[in-house]
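Encoded as structure tokens, the structure appears first; notes follow it.
We call the chains A, B, C and D, going by the order they appear; numbering starts again at 1 in every chain.
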Amino acid sequence: MNKIVANAQEAIKGIQDDMTLMLGGFGLCGIPENAITALVELEVTGLTCISNNAGVDDFGLGLLLKKRQIKKMISSYVGENAEFERQMLSGELEVDLIPQGSLAERCRAGGAGIPAFYTPAGFGTEVAEGKEMRMYNGKPHILEEALTADFAIVKAWKGDRYGNLVYKGTARNFNPMMAMAGKITIAEVEELVEPGELDPNFIHTPGIFVQRIFQGEKYEKRIEQRTVRAKDE
Amino acid sequence: MNKIVANAQEAIKGIQDDMTLMLGGFGLCGIPENAITALVELEVTGLTCISNNAGVDDFGLGLLLKKRQIKKMISSYVGENAEFERQMLSGELEVDLIPQGSLAERCRAGGAGIPAFYTPAGFGTEVAEGKEMRMYNGKPHILEEALTADFAIVKAWKGDRYGNLVYKGTARNFNPMMAMAGKITIAEVEELVEPGELDPNFIHTPGIFVQRIFQGEKYEKRIEQRTVRAKDE
Amino acid sequence: MLDRNGIAKRIAQELQDGWYVNLGIGIPTLIANYIPEGINVEFQSENGILGMGPFPYEGEEDADMINAGKQTITALPGAVIFDSATSFAMIRGQHINLTVLGAMEVAQNGDIANWKIPKKLVKGMGGAMDLVASAENIIVAMMHTNRKGISKILKKCSLPLTGVGCVKKVVTNMAVLDVTENGFKLIERAPGVSVEDIIAATDAELIIEGDVPEMKV
Amino acid sequence: MLDRNGIAKRIAQELQDGWYVNLGIGIPTLIANYIPEGINVEFQSENGILGMGPFPYEGEEDADMINAGKQTITALPGAVIFDSATSFAMIRGQHINLTVLGAMEVAQNGDIANWKIPKKLVKGMGGAMDLVASAENIIVAMMHTNRKGISKILKKCSLPLTGVGCVKKVVTNMAVLDVTENGFKLIERAPGVSVEDIIAATDAELIIEGDVPEMKV
């Protein structure tokens, strides 16, 4: 089995206008930088993007927003992005805000063949509007449905040609669940390794969830809130 | 934080007659051998045991069955155990059989605060009797509820005093989900290591799910179906 | 008439390159021995491994490495080990391309029964109900009749069901049958077995169109 | 009157040995600087880490190691990293002992609003809705009034809710308030703040029993 493709351009082949994409990452941490650049170049429009955040004005999904390639965002937190806020408040961009845990679980459910589940998150808020409610253990819960996508695009640290992936640090975040939920899942990695180099006991995303994999050309890995302490502290 | 207790006897303190226990393992692989031995010695009875299998006549949960300590088994596969079959067919033992994937997911759901979810498994069978049915994606699904336990008892390879656990090979199986679903979770490990020895990127069960941990005295690790090929094959 | 290995060999011809395959206990397990040249498939075992290899050499068995049949196994390079919830996420989420399992009974509407004989044998369904409820592509590997010569290919299952309307194909020691909207269609005969033999051994109605070719195994 | 650090310091007194704690963005983050002597707690950040340590030394920042506020962080020995689904399994499954978060408004029935000002500010709820819907023990850290001096401690929230009836305690720059069945109960005064000052700055009704002690911070 060899799922390796040459580059980001090859990897995103088949992504068309009006499709639904999932994109991994939390803030700018663990986002598929190279695939996003390729999507900007591809000039696809009308996209529905499922991603916890919407990038910043000049990086991450912000690049697609700036070029008006996104029709709808499904996210949990969209601060730190002035262009996003402008498009949303002016009604140019549809936005569906979802509690972060429900977003993660709905992606996992989509990949795991669980069409719907009950969660307490959002009961009594706007999020619950139009959703079924039921009491469990004396507490109200709402029914949330699974999310899937035409393409899921994730970023990992290392991967092999079977599509097995390992993430580094908190760059893992939403990537494993989204990898499960794509009809076609594209993984970009910092380093392609030979099968067997990744310990089978410690693989985060089994290759069965991944259809295409490539090594990203370069990684900027921008930091949003550089916070440090002085050495003598 | 130090969750280490001296031994299996210490670890199972508080387990009383008529409680519900979850026990990790698939067949005899990855079962909490030392804790089971301690439960036999404790002579608690009326237990409801949630475990994928029921051991064999003289090992694993079979030991508790033989001493009639188990009132009810919640399992997916209970072959390989003559005493089990006898007790079940005679009506001495209550048995709730659950599809294996639903069992795993119901334990995970119990640990994850998801009180119920839809699955296609079991539709049109005895398993679906009395359960709600709903169509999703043109296919019938049934509503399954979460499982939790007074105590969950799992077996890992290595662990530290925070309760962080790492499993080896297919001995992982049900252990991670059951660790999540116990009101009190006991982990027995082959080796206790210092915090920091387990790579934070590659811990299977985060310590937050574990309340007590101990190093098992010895591990027999019995093999049910020893299957080999000759060296010259 | 095929033996167990013959059935496995015939089903192996259905494998396609790049497929993820879950093999049940019994005859299905034997399929791994007959993968056609040039075809790469990965075997999943629902207790938590993908990329299952051959049985270990004598003396190299590891009690922590078993398959869903509790047999000692090895892992190939590129293999992955995971927990049971993840394993059934693969199955329920339809990431597995082919599921092969045994059965006590199969009916012409695609129903399957393989987990219980009331008051006699209750081993449990294990992962079978999840597998049959989820898989798009299910092949049953089984003997055409039981030891008393009674057909296991039925108009309607008599035993408690494992799944409804899910079986796509059945390969027995006598025949290959496709489950169509109108019932079982006889696709191939086992070597030395006539269409009449098959009809005689089958409770279900069979759709037979033109000459039924003999299997090539 | 307390400053932001004072509020954090007061809340830190609520920590108990062995607790797992989730700290929200803003004032709650500062609590990590004031853990009482002899108390060991582990901090969870919902983007996927348990056992969060101090900020990295200059030059040692790792873009792949951030907290939910997107700040660069370090991991302590014994730390664990996990995906977002597992992180919220911990939260939703009530494995976290204490959640501290900021708010725009808190009402006397325990309602909280902190994610949206219609037509003005829509940042999203992030993990806050999961946290408040699940946690047994929620403390809100906030200023008693907004910049215009208008009370954020209300009879009823005016903004879209984050969660209903979930807040257990509020620590502001002026007071510590418990949310009881009958509404806010004034538990402590900030240094130099009188009961009358608090009543004047508060929209909600306050239950005041006997002498209200001054906080020890």
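In this text, a contact is a pair of C-beta atoms (placed from the backbone, for glycine too) under 8 Å apart; a residue touches a chain by one contact, two chains touch by 3 or more.
Given the structure is predicted, the values throughout are model-derived calculations rather than measurements.
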{"item": "Co-neighbours of chain D and chain A - touch as defined", "value": "B"}
{"item": "Pair joined by the larger number of C-beta contacts - B-C, A-C", "value": "B-C"}
{"item": "Most distant chain from chain B by Cα centroid", "value": "D"}
{"item": "Chain C and chain D: spacing of chain centres that average the CA atoms, whole Å", "value": "56"}
{"item": "Chain centre separation in whole Å, for chain C relative to chain B (CA means)", "value": "28"}
{"item": "Computed distance of Cα centres, chain C from chain A, in Å", "value": "36"}
{"item": "Where chain A and chain B are represented by their mean Cα positions, the distance between them in whole Å", "value": "33"}
{"item": "Residues of chain B engaged with two or more neighbouring chains", "value": "105, 108, 112-114, 119-120, 168-169, 172, 201"}
{"item": "Two or more partner chains touched - positions in chain C", "value": "49, 75, 81-82, 85, 88, 91-92, 134"}
{"item": "Pairwise chain contacts under the document criterion", "value": "A-B, A-C, A-D, B-C, B-D"}
{"item": "Chain D residues touching chain B - in the complex, by the definition given at the top", "value": "18, 20, 40, 42, 44, 49-51, 75, 77-82, 85-86, 88-96, 134"}
{"item": "Chain A-touching residues of chain B, taken from the complex the two chains share", "value": "105, 109, 112-120, 134, 136-137, 141, 145, 166-169, 172, 199, 201-202"}
{"item": "Sites on chain B touched by chain D in the complex", "value": "1, 108, 110-114, 160-162, 164, 180, 194-196, 200-201, 203, 206-209"}
{"item": "Contacting residues of chain A [partner chain D, same complex]", "value": "26-30, 52, 75-80, 85, 88-89, 95, 97, 99-105, 107-108, 119-127, 157, 168-177, 204, 221-231, 233"}
{"item": "Complex interface listing, chain D residues touching chain A", "value": "45-49, 54-73, 75, 81-85, 87-88, 91-92, 111, 116, 119, 122-130, 133-134, 160-165"}
